[in-house]
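Below you'll find a set of structures to go through.
Shared between the two complexes below is chain A, which has chain B as its partner in the first and chain C in the second.
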Partner chain A sequence: MHLKESRQACLYMLHNVVYDTKFSPCGKYLAAANKFGDIALFSLTAALSPDASDESKCPIFSFHVYDQGGIYSLCSTDIFLICAGEGDIQAYKWSDIIAKNPKVAWSLSIPKKGVFSHAEINSCVIHQDSSSMVLYAGAGDHLVHSWDIENGSYLNSFSGHTDYIHSIVTKDDGKNLISASEDGTAVIWDVRLKEAAQVVKPFENEKCARPHIGKWLKCLTVDEDNYWLLLGGGPTLATWHLKTLTPTATYETPGVAQHVALFHEDKILSAGSSNHLNHWSIAGEHKMAVPVNPSSIFSIDINHNSKSNKVLTVAGSSDKIDVCSNFGYTAFSLTFVPPLS
Partner chain B sequence: MSSPTLLEFDRARKKFKITLEKSLSNNDVENLLGYVEGYKDEIGLEKRTVLDQVFRDILCQLITNISESSKLKTVITFAILAVKQDMCSPSTPFLMMADIFDMLTIKRCEEIFDLVEDNVTTWKSEPFYESGKNYLLRMCNDLIRRLSKSQNTVFCGRIQLFLSRLFPLSEKSALNLASQFNMENVTIYTKQKKSNSGETNEVMEVDDTGDQSSAVPIDYHLYKKFWALQDFFRRPTQCYDKSQWETFSLNASDVMSIFSSYKLDDLSSTQKKVITSQQSHQHAQNFFAKYLTSEKLLNLQLNDSNFRRYVLVQFLIIFQYLKATVKFKAQTHTLTEEQSEWIKDAQEKVTKLLSETPPHGEQFCNSVKHILDREEHWNNWKNDSCPNFIKEKPKDQLKPKAKPKRKRIGDDLMATNGKSLKLGNPELTRLWNLNPDNMEAAKAESRVFLPKLDDFFANAIEQADPEAMVEEQYKDINQQNFQWKAYRLLARSSPHFFVHTNTPGLPINVHLKDIVDKMAKEINPHHQTVEPKTEIAEQKTEMAVGDEDDIKEDHEEDEMRNENDDSNVQQQMSSSQIRLIAENVGSKWIALGEKLGLPPDDLTYFKDSFDGATESAINMLTVWQEEDTERDSIGTIKETLIELGLGKLVELLSSSS
Partner chain C sequence: MSKEVKDGKKRLLKAETPVPGLTDSKKLRQEIISKNQEGWTIASEEDDALLRDPLTDLQSFQASCNFLKSAIRDIKNVKSSRPDAVGEINSIRTDATIHFIHMKKLNRLAHFRCRKVRETTNEAKHKIDQCHLQLQNLLYEAMHLEKEITKCMEFKSKDEEIELVSVEEFYQDAPATITNESVTKNDPHLQMLGRLEWELELRKNLASKLTATKKNKEQLSQEIQSKQDYLETLQPKLSAILQATRPVQDYLSMPYNAIQEEHQMAQHLPQPLYVLYMQTSAFKDACDKCLKVSITGDVDAAKSLATWNFEPDEESDSDQEDLEKQETKRHRRVSAEQSQEKKNKIFRKHPLSVNLTISNEDGTELELTFCYLLELNIITVTVKVNLSEKGTLSSITGGDLLSPDLILDELYPGDFGNDSPNPANHYELKKHGLLDLSTYIPLVGRPYLWCQLMGGLQFLKKEISLAEDADGFSNIARIPVQAKHSICAANIQKTISLLRQRISSRLSLLQQLSSLERGIIPVSVDFVKQFPAKINAHLSTWSRCTWEDLQTLAHAKRFLKSGLIRSSSIIFQAVIDRGSAKMNAHVVLTADYPQVPPLFILDIVWQTQRTALTDIFVMEMEEEVNLHYQELSSSTQQNQLLPNQLQRLLMCFDVYLETDTPASTLVPVEIPKEKIMPRTSRGPARSKPFKYLPELGIFTQRY
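Let's turn to the complex of A and B:
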């Protein structure tokens, strides 16, 4: 038992990759999903307390979701934490997880095309309004699938991409859906018509194209007012004006692909295949490069759920998840590996 | 005895008071001073005491009246003027001011303090300084004690500045001689938060009542490290302790890395102009005497470029202290090599951070560097046990030099009425003063270098005599040198030179031979009578003639040298000459002194200090001569004497030398 634990600790320390993190609805906990199919729960309150010890920066609880692969995406509702990755979509109640007794509340699987097709889900989002709650999942079979999770029925799929889908977001109160794919295109879907409304191809735009890195798009974010679209990946990260679909500002990171970005106040935070968190002005001026622990970053998130725990987390290929209380520097790191006793 | 005095005193006091009040309302101090001056009483009362008392009485009335700040100033001004007229004791204005500043509120004190500042020159002058400096110091110290260092910083600064202006630069009483630290400047911060019950078993709790006290997440880790540094800044000697050093260097590195990670925006460059101007206004305002250490502020403080600057400058200060040699450091207070290395690195890092911190980081950083350089000078100054700033001249320079200032050539000429001219170099002066008349000098016998025809050709004539049996090649006339000189001489002074113009083309030596022959005939028609000479003798002569030029030159030089020596001797009067002059000048010595350009004061001095004209004259002449050793004293004296109509004396003087 001890041997197994130490082996796992070693594995985590050397090979851990955190693909996604989500804050609990109460804002006190952080769930992190890694490539081993585990979900680890950290207590932010304990880690931020004045008398925080090393132990309080370790997971208070972790559980196994997938045996065959990693969890690539998490999404959260008030009640559920939904995991998606190499396997069926599984939902756990937050309350169960916090009580250290996770049970699968429900699960969904994408329609199989053949016996051997096990399409992974790279990104999932939930759109919730007064009448319905829809889950969209961008999958490895080049499709975006959707479910009504009120009753668990499969709604439809959006087809058009020619390669797997990296990320999806909804906009305009769920009227539109945007997906970014390995094929280099970002497609804006009309949800009601269930067809592609517009297609953006940053790899064809001279401002953004970086053929030596690739044309794939991973970074996809829409601002609150649904005015700007952030697209990045192989091509340079840029804000696209959603009305005209032209890039207005680019965020130059020579040789570094940006995986994730978010709008924060009047700034844009982005991170990718380097161990820096970049701060930009909307106009494209580089403000700061905050050094962080993960060498490649897959998730940055701000805890808006709790004011007293409003921190920024930066996670990626490291056993550590950096926590920034002031977004300009890493205050401390949460770690998967318990301190050596 | 006492009752009439008291009565008189009271009477005078009343009268003075009324006058003072009147003067105050008219702002007419003359009235008061005139009145006091003219006041007569029956018993010869000490008027100063009365006026002192009256001033204080008036003050008592004014001080309670809040609206009378300007009146207070006026009454002090009156007192100052009264002191200047010696009508009240010098301490009165100081006592009055001390009373004022004791009584008034801080706000009003600040209003009135400019009176103290404006009069700083008065306080520094006599009789105020001696009697008032202690009053002023006490008054200022009392005032500072009342002030809050964080609230009344400007006023505190004003008082300090005033004191530094009042006391001389060498006043060391306010100096931190032993380089002590201000240990009272403790920065208090939350070291341990009140234990949060329930946190230990938080997993089971999903309560909403949780930690709502802090509205924002706080990096307590940083918070503690950050403020722990302040204690090192307060007492830098802690750093020499090994374990403390560990803490310090660790905390400092962490803070520096955070600063370097978290770059600040240059607001002034991005924001609009209006805001910039507003900021610059704020910039002048923002000052904190003490850090605010609430944990909730930390995030905001990290965003504040000024705050960052304070901390970075503190770093630089402590680094400088740790590295510097300070006289009062203990023996153990030395850095290891590793520590010095670390400090060097950290110093560079902090400097870089400082220049990166907007706005105008580079400029700010340079100013700080400059200030710290200065600090090093002060430190060195203290290490040298605070030498005086006023540099004393070395002892030997204290004596006035013979030639204290550079004179212009004309000055001397003017001073001696054109009799003597100094050219700045003794040799030049001597040459210039050889003879007052240059033409005369040029005509002098010593300057005739042209030999006489006969002398020059004497040898040649001898040689031309066949009896002399001089071989052709040894004859002077065959020497080129001789030929050239001969021609020059002939051209100037012999008629023979022009004789043969009709038969040109004769070789020089042949021509010369002719001339020599002619001359020989002219000079000595019976040249047969010339005694035959031995060959040796002739050769000698020849050699002598061959070297004639050199010899001539040598001779001239010798002459010059002799002249030199002569004039060197003659330039200065010997004591016997002085005596000679003095004795013969007699009562005219004063006129002589005047002519020599001595100031009347000196003449009076000589007259008074010595008995008799001769003694005075001797002393005067000696002093005059020593006054300027380079002057041609004799020449000047001679001319002066001639001017005075004492030509005989000049002759006497010349013969004596």
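Let's turn to the complex of A and C:
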């Protein structure tokens, strides 16, 4: 019996895909969500300590969120960790998770269109300002939904995409929202008018188009000054000038789709469907390719919440989550072990 | 002058006054004369000496001396002054002479006295000696007496050694005539005497009781003997009756005798095999009539073995010593023979063995022969598979699946029957310079762990490392393991059902393999509905593959590293085609398939080479068959797992190809999208709709 279970655990780890990771507000913990609907909590302080053992690189706690499918996106506030994916949006208190006693604090579900629609949520972000706190969710029903978290009321949806939405970000202090979709377009929404302000179509741009990979857009990032827009996926990853909406630099990864990217200091880090983390200069020069464990990468994240634990994590289709303290190489890997049934 | 002399004489006389007769020379003279006249004897003089005071004698002696001195001086004076005065001189002379005689007498007296004193001294001395002697005698006597006293004190009576009844019991139980309480209470001596008397009484009683009981016993044993004699006379009669009924038994096909004979044979089985035989036949009678249990071998050899006491260690040690001594002299051939002999001795089997035959519904039989290795204290098994006549199977890729060597691999996880389960054996073999048991398996059979459990032998687990002592022999090696029925009973049902399961699963697997070799995936009727009616991909080749082949594959590395694939795994390679697209699937089966589901490792050649390392969809397909296999087997039809997995793989390959992004819009699409898929991609990984919903006939993502 024990053998069967360990074999099952082995298979679980062999087919594991981590879709998203988030650092806790205190910066001491890392939460990772996978395709089996589980969340694992790692202690960065333990893993980074000089006398770290193999055990401290395994989750200190893990729990099951969705019975039917994966968790595709995590977002975090000072209090809550919010999970979205193949099911309702569920929020857990960080303090409960760290105390190893997670309880659903609240949950939201997107309005159903029909009996057979099971729209997934691929991306969720929270916009918080002095007056309100709004949760946006890019969903499988081609819509971006929004809720007011303060009272849990459904605000509205943004329609216009013709296929499901991969990623969303907010910009200009929440005045605008950008969504990237499977249909190949990125739409910049005016939040107050609730309509599409501009549409970007990289698959039509000759610099970026790669029809053999597809036109879908997954990689979507805006820099701090709201000056540059990074778009990638089927088309080549490129920085788009937000004012003119023209690509200024492309980041060539032949045959490899980029899933995630982020601005870090004067560099761009990106990763996708290969087991490499790419370092680029903003001008498009390929600085470095760091080999990592996951063969396909879905999450890269830098811990800004704690100076002592400032690390880069790279997660994807592997049971290993690579941790880089110096961003140039993998220092060690965390192991996503299935939660005890 | 004369006056002076007279004065002198007077003084002398005066001085002599205490001494009668010496007052003047005349008197002295008279005294002497008178004495002579009175006839004084020497004897009387002796007495005189005693009577007189010696001190006065001393004074009179001194006085006489002085007188003599003055007399001489007077004579001289006279002679010098008046030479003629002869008369005067004469008178002085006479006085002097008298005094001289007196001196003489005193001298004598002194002598007497001296002698007398000496005598008395001697006498006193003698007396003292006598007293001393007496004292010595008395002291000796006293010492002797003291010794006697201590001896008496130390005397130990025999009664102290006798265990007596306690004082309380004595007063309670003994009659008053013996206790005599009033007297004995105060006198411990009398009390002791009383207690001794009571003890004697008691013991006498007991002795008489003992003799009576002995007598009774003798009588009873005599009775028993006589009854036994009577019973023994019955034996030949009964066997005669049995002999007579034999034809009837045969006629009625009731093999009571055969069973009895076998049971008698079982008496000579070694303990572990006996346990095995007993428990399996009990199981057979109770639950499973399809089992056949029998004993084979030489009963007489077993009988003689039982009487021959076997002492392995000492003998073999001396053997080895002898060997060392003689090795230089003898030929190498001889020593080789000896080692062969030694090997034979170590691997000596008990002459009896137990045969267990498990038959399947279709008549295939699994014949297990259990042997017991006397020296190593383990049970080994040799296997034979008797295929039924109708089920003749020809499978090239699975030819070895029914081979006796492999068919029982991992009946229990990890049990390949290669190493001896008895940790003591390792040392025993090492001691005799032999290799590990695995080298001798063709000779002795396989010592599977479950065989030991069936025989009631339980050894310590290998995982617990044994602390070897200096010479490499663990103490544990010396503890003999005893066969226990309880161990056997706890395992037998499971083991037999596993054996039965194994043979049926192997047979069905063989059937499936032979069908796969022909390119047909034998999906059973119950599962056909789970798959779409039309699947375009097809299985083109099915072949065997080795572990070494697998190791060369980069995309198999993560599976190899996980430990799910071992060198003992049975590995096949399936090639699945659709048009110009080709998928290679390495299928890894463990020995206990279908308990452990097969593992699939995929790679696709379609425009480019794609594996799970480069294409996440390949990983998703692997997940479909490796992780979500539960839907593909039911508890009653576990054996259908492999064909169902393959069928699903074909279906997934179709989906994969149909949803693959075209290389270019200019080239006509080779594989058109035929299947109904509400969404071709979903989620961050753009997952493909690999899941088929039979009730709707559509493909969706697994969520």
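FYI, the second predicted complex is superposed on the first by the 329 of 341 C-alpha atoms of A that agree within 3 Å, B and C clash if a C-alpha of one lies under 4 Å from a C-alpha of the other, contacts with A are read in each partner's own complex, and residues count from 1 in each chain.
Convention: a residue touches a chain if its C-beta (ideal position, glycine included) is under 8 Å from a C-beta of that chain, and two chains touch if they have at least 3 such contacts.
Quantities reported herein were computed from a predicted structural model and do not represent experimental measurements.
Novice: Return first, second, both or neither, reflecting whether A:290 touches chain B, chain C, both chains, or no partner chain.
Specialist: It touches chain B, and chain C stays clear.
Novice: Looking at the overlay, does A:322 come into contact with chain B only (first), chain C only (second), both, or neither?
Specialist: neither
Novice: Give one of first, second, both or neither to describe whether A:17 is in contact with chain B, with chain C, with both, or with none.
Specialist: A:17 contacts chain C only, not chain B.
Novice: Can A:141 be said to touch chain B (first), chain C (second), both, or neither?
Specialist: After superposition on chain A, A:141 lies in contact with neither partner.
Novice: Looking at the overlay, what does A:301 touch: chain B (first), chain C (second), both, or neither?
Specialist: neither
Novice: Between chain B and chain C, point out the one touching more chain A residues.
Specialist: The partner that reaches more residues of chain A in the superposed model: C.
Novice: Between chain B and chain C, whom does A:331 touch in the aligned arrangement: first, second, both, or neither?
Specialist: Only chain B; A:331 stays clear of chain C.
Novice: List the residues of chain A that touch chain B in one complex and chain C in the other.
Specialist: none
Novice: So in the complex, which bits of chain A are touching chain C?
Specialist: 3-4, 7, 10-15, 17, 19-20, 35, 68-70, 72-73, 85-86, 116, 118, 120, 122, 140, 164, 166, 182, 211-214, 216, 218, 234, 259, 273-275, 295-296, 298, 317
Novice: Touching residues of chain A toward chain B in the complex: what are they?
Specialist: Those residues of chain A that touch chain B are 26, 28, 43-46, 48-52, 60-61, 95, 98-100, 281, 287-288, 290-291, 307-311, 325-326, 328-332.
Novice: Quick check on the complex: what are the chain C residues that touch chain A?
Specialist: 413, 558-559, 562-564, 596, 599, 612-616, 619, 622-623, 626-627, 661-665, 678-679, 681-686, 702-703
Novice: Please give the residue numbers of chain B that touch chain A in the complex, ascending.
Specialist: Contacts found on chain B: 190, 192-193, 195-196, 199, 202-204, 206, 208, 210-212, 214-224, 257-258, 261-263, 265, 270, 295, 298-299, 302-303.
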